[in-house]
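Per-chain residue numbering starts at 1, and chain names A, B, C and D are given in the order in which the chains are listed.
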Amino acid sequence: MTEVVTYRPEPAEMSYTFGGREPVLRVRPGTVVQLYTEDCYGGRVRGVDDLPSRVCEFPYLNPVTGPIHVEGAEPGDTLAVHVVAVEPARDWAVSSTFPHFGALTGTHTTAMLHPPLDEVVWMYDVDVAAGTVTYRARRGDYTVALPLDPMHGTMGVAPAAFESRMTIVPDAHGGNMDSPELRAGVTAYFGVNVPGALFAVGDGHCRQGHGEVCGTGVEAAMNTTLILDLVKGVSTPWPRLESDDALMSTGSARPLEDAYRISQHDLVSWTAELMGLDQLDAYQLVSQAGEAPVGNVCDPNYTMLARVARRYLGGVTAYDGVHARLRETGRAHLAHR
Amino acid sequence: MTEVVTYRPEPAEMSYTFGGREPVLRVRPGTVVQLYTEDCYGGRVRGVDDLPSRVCEFPYLNPVTGPIHVEGAEPGDTLAVHVVAVEPARDWAVSSTFPHFGALTGTHTTAMLHPPLDEVVWMYDVDVAAGTVTYRARRGDYTVALPLDPMHGTMGVAPAAFESRMTIVPDAHGGNMDSPELRAGVTAYFGVNVPGALFAVGDGHCRQGHGEVCGTGVEAAMNTTLILDLVKGVSTPWPRLESDDALMSTGSARPLEDAYRISQHDLVSWTAELMGLDQLDAYQLVSQAGEAPVGNVCDPNYTMLARVARRYLGGVTAYDGVHARLRETGRAHLAHR
Amino acid sequence: MTEVVTYRPEPAEMSYTFGGREPVLRVRPGTVVQLYTEDCYGGRVRGVDDLPSRVCEFPYLNPVTGPIHVEGAEPGDTLAVHVVAVEPARDWAVSSTFPHFGALTGTHTTAMLHPPLDEVVWMYDVDVAAGTVTYRARRGDYTVALPLDPMHGTMGVAPAAFESRMTIVPDAHGGNMDSPELRAGVTAYFGVNVPGALFAVGDGHCRQGHGEVCGTGVEAAMNTTLILDLVKGVSTPWPRLESDDALMSTGSARPLEDAYRISQHDLVSWTAELMGLDQLDAYQLVSQAGEAPVGNVCDPNYTMLARVARRYLGGVTAYDGVHARLRETGRAHLAHR
Amino acid sequence: MTEVVTYRPEPAEMSYTFGGREPVLRVRPGTVVQLYTEDCYGGRVRGVDDLPSRVCEFPYLNPVTGPIHVEGAEPGDTLAVHVVAVEPARDWAVSSTFPHFGALTGTHTTAMLHPPLDEVVWMYDVDVAAGTVTYRARRGDYTVALPLDPMHGTMGVAPAAFESRMTIVPDAHGGNMDSPELRAGVTAYFGVNVPGALFAVGDGHCRQGHGEVCGTGVEAAMNTTLILDLVKGVSTPWPRLESDDALMSTGSARPLEDAYRISQHDLVSWTAELMGLDQLDAYQLVSQAGEAPVGNVCDPNYTMLARVARRYLGGVTAYDGVHARLRETGRAHLAHR
């Protein structure tokens, strides 16, 4: 029988790093966890006059819920995180520019002599029943409904090598990958670096464009249901995703071509291994059949995914079929709640 | 009545640059041109033993058909190129690695001390009726049919500033953008830099993955039907695409984030102008509604596109509706040929 | 009277991160510390057959001595570290390639399909009296003496935002900048992020080329004498260096132009502030008078320095003259030991 | 006996590309050429109110003197250009910001939503006798004399593959490398791509900082004396420099680490070949003995040099000693003029 744990962190329990924190929860592999996650502003931006640079305080940005210790997880294992549901917790969401953050502005890294762009907040109406979020121009009256497509920008485990990283950083441990692919129905795989894996999740988006060009998505608190499971004795070098239709590898680095290289290299290697293909044959197959959905082009590392449809891989099974099993469990959980 | 011109270049008429060549053809705006384009290998790789580095000779690579002088085109105008049809000219196509070329190998630019990867050729069967190209592993027996999705990797006009560029380079004049978006049904816009525009096209792919990671797509000679038209007095800073569903801007540069920045910046500016939006309001809208399909991550400049669905732009019309008109003309042409 | 503390860590006391460790030592501001630092291989590569990938174990690489708690250091202060002496502790030193590490090889980030370059170790003779280190070819008999120019590749404090970073990473907290400028006679400034600053130092090089292109310098254990002092209430955004002749700012990031931008931006801002110049006037002055010594082009972030000679700055004094005072103290210490 | 040719172009004879132009002059190998070069503004910025964006017209920027046809030069040969003298032609020089150009501003490539930085012109006094150029702040009264160190930002030959490139672009054919190393006493080597080589030179700087961070040096018209000679049957992949003390390779690319990689790769290969060293032995030697002077970090490609002192190479002779011979000829020419 499936164990179900519900956890809503107090503000003081929020985490701001992957690594360096004691777990807030311990679960057995296979547990369904129902979590509340706060938005990347810590819930402090509630109207257009709440400028993030005034109401938020560094480094208390992008809080995550966790870390969660998964019993039995050891370095060298893989944590499988099946996303059952990502449900907006409020009927509004928010996006903004932020001084010296985003892809079309000078930043602290791409350092320039320009003053920052204007700091502007946009409030979105969230209509779960209609499946929309509504954009409203701030300096005009244009309004348009966009499809609701909830996802988590930030998900990962404690890093290797005794590191602790701000939640805003994506890297080999996961983190702030900001990929719209991380939505319900997907299983994410993370290599375990420390006992218990120390999983955490946050930064819900009602939707985001590719690359999160202004620096933020349609940011929202979420009620999120996940299944945390283990694949023992199998390592995973960079976070991978599996959907019913596709296999995906991620890469997070700068410049952006290195994020592309990491993700494509991992997908070529993974495909070769799964299919028993020669490496160059897999390189050719991914070259013609592969896709490259962009994650973020604004965070401390940029993120790209490499994706190949299962139907081009002859129905191959990855990680011993854990995605299909968790998918079934997730559907059953939703049907009975 | 629509004028139709058919042109099949002799081998000696092929061009290897944008700019620096006399036109091979002169047409009036609105002309339907039916062109033959050779593949990127100049048609010399016809079997797995035809290693490109042996049968091809630098700089006679990636031949294009053209340049075509469009009467009345002047600097400051925009050339509209509607793609009516892209049809494989043979029942086979080819892909390969090439020494020190591709995204997962050291190159002459990302210079490394490694010897080149193995040079390998893959032959594909092209079945137009079935709508497939068939991949076959070289060092094993795996075979899979992939969807036929014909496109042109290379399309553009003579560059500005008296430049002449190898056809393998994508930049503000177009060139080797290697984007799968450049398929039938799309209208491409190029800013005119010299009298007559001097348009050329080549590098047909039966399909390609995102980024063309191994360096080549499923390369094929094509019979291609285009309509060449002019938008007088309207300039276009970087190549743009329009489909029935979406507006797209391109950017070509290194590192890859700069290709992303150029394309997103142009789409933000274009959207703001078309919709009468404030620039930051357009930045926000593109941030949440925009997509970022990858072109190439292997050519001398990398290419990204920025795309936004028309349905989020309130049915706006770009370039005075030229896409819809050419789309209609193209359909009529296909119906009557 | 100057306090002098001598500390030689036991192997188990070595640190492998900045941040996340309890201090091994507490000193008052102004203390002279005499430290032993182990080489980046942990002293385990002692001959050409000691291949690093075999004798070293991840993540126990690049050990640092520390962290040292400096009493009274608070976030917002600046730690001034004057380098009195860097003296090779052995009469040999070592360099090597390392699989998938270095500037002219595919790496885990610039991911490629090539197998690693050969792993090769070079042993150097160190002759302090002659002031030389002697290179010997491994696959031939060429030998040449190069000038001894001892320095520390790694120096820094605990990072901000609860982060803990591998010692191999350079960033705003310092770390593995691998700049030959960090030699005796220089004062380094680090912004303090946590109480006590938690300073550490390691990765001595008998010398290195610009960029450390193969991934390592002439690696050596060192006996190093530093003075640790505080500048209260003055913050420092990125590590800075001051010599008798020049002011220097550092930047560490990828791609390399961002390391350049950060360092030049900081030097422009610092110069403007010190000289009372308008920002664009400082930009112009640094543009014509500035230098840009390369640190590393092989670590997880690349490092560049921006340098301007004092003589072009009208004899300006930085940080209230702390460099001159510590320089004097350091000379006196050397004269009397 | 040495042939001497003096040439001062009329304004209409200036070139704005490498390639695509008929030669303005034909000389025999070994000829001393005395040339006048205009500054990068075409001489139109003569005071602080002459804003470049108003007085200059694209693409008539960065004029070069040439192209010069060197008789007998064929593809596969190397053109040796010995710089005898670079002498400022006026007693003033000029620098400026330029909208969306420079390392600390958004550009057309690193596209951002910021308005351009202020466009400001700085006039310098040039005192050849004193050996100084004098900086004056525009928004304050700070003044300082900097050493005169005349050089050419732009020097090169016609590119390969029928290309023609704006003079502002540095690449394998040379062009706008903007390296302070290209001063009197140096011999530059360029691979010949077309019959006659078609050499041109321009963009004199009285001095520049490393990277030309604001986008321009201390720009000046020059009277420049060169010797143009040929090394038959020896190819040169990227421009190289030779001084009495050092060998240098250049690389021009984006991102900046690729410019570094190209230059270091070429220096490693060149050193290995000259010294008969194994490639990894040369890699190690350059890693410890090499330097990496920055050229530009603002042009369409960035430029880095890789340098190794001759004294670490056992007195090796490159290109059959052509530098020493031309150096002697140059000295004799100066002594007798």
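As a convention for this text, a residue touches a chain if its C-beta (ideal position, glycine included) is under 8 Å from a C-beta of that chain, and two chains touch if they have at least 3 such contacts.
None of the values given here were measured: they were computed from a predicted structure.
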Chain labels contacting chain A and also chain B: C, D
Between C-D and A-C, which chain pair is linked by the larger number of C-beta contacts? C-D
Where the centres are mean C-alpha positions, what is the separation of chain A from chain C, in Å? 35
Distance from the CA centroid of chain B to that of chain C, rounded to the nearest Å? 48
Dist(centroid_CA(chain C), centroid_CA(chain D)) in Å evaluates to 33
So which bits of chain D are touching at least two other chains? 104, 110-113, 117, 254-255, 261, 264-265, 268, 280, 283
Chain D - residues contacting chain C, complex: 95, 97, 103-104, 117-118, 120, 122, 133, 135, 137-140, 142, 144, 146, 207-218, 254-257, 260-261, 264-265, 268, 275-278, 280-281, 283-292, 294, 297, 302, 312-314
Show me the residue ranges of chain D that touch chain B in the complex, using the header's touch definition. 16-17, 19-20, 58-59, 108-113, 160-166, 251, 253-255, 258, 261-262, 264-266, 268, 279-280, 283
Where on chain A does chain D make contact in their complex? 104-106, 110-115, 117, 255
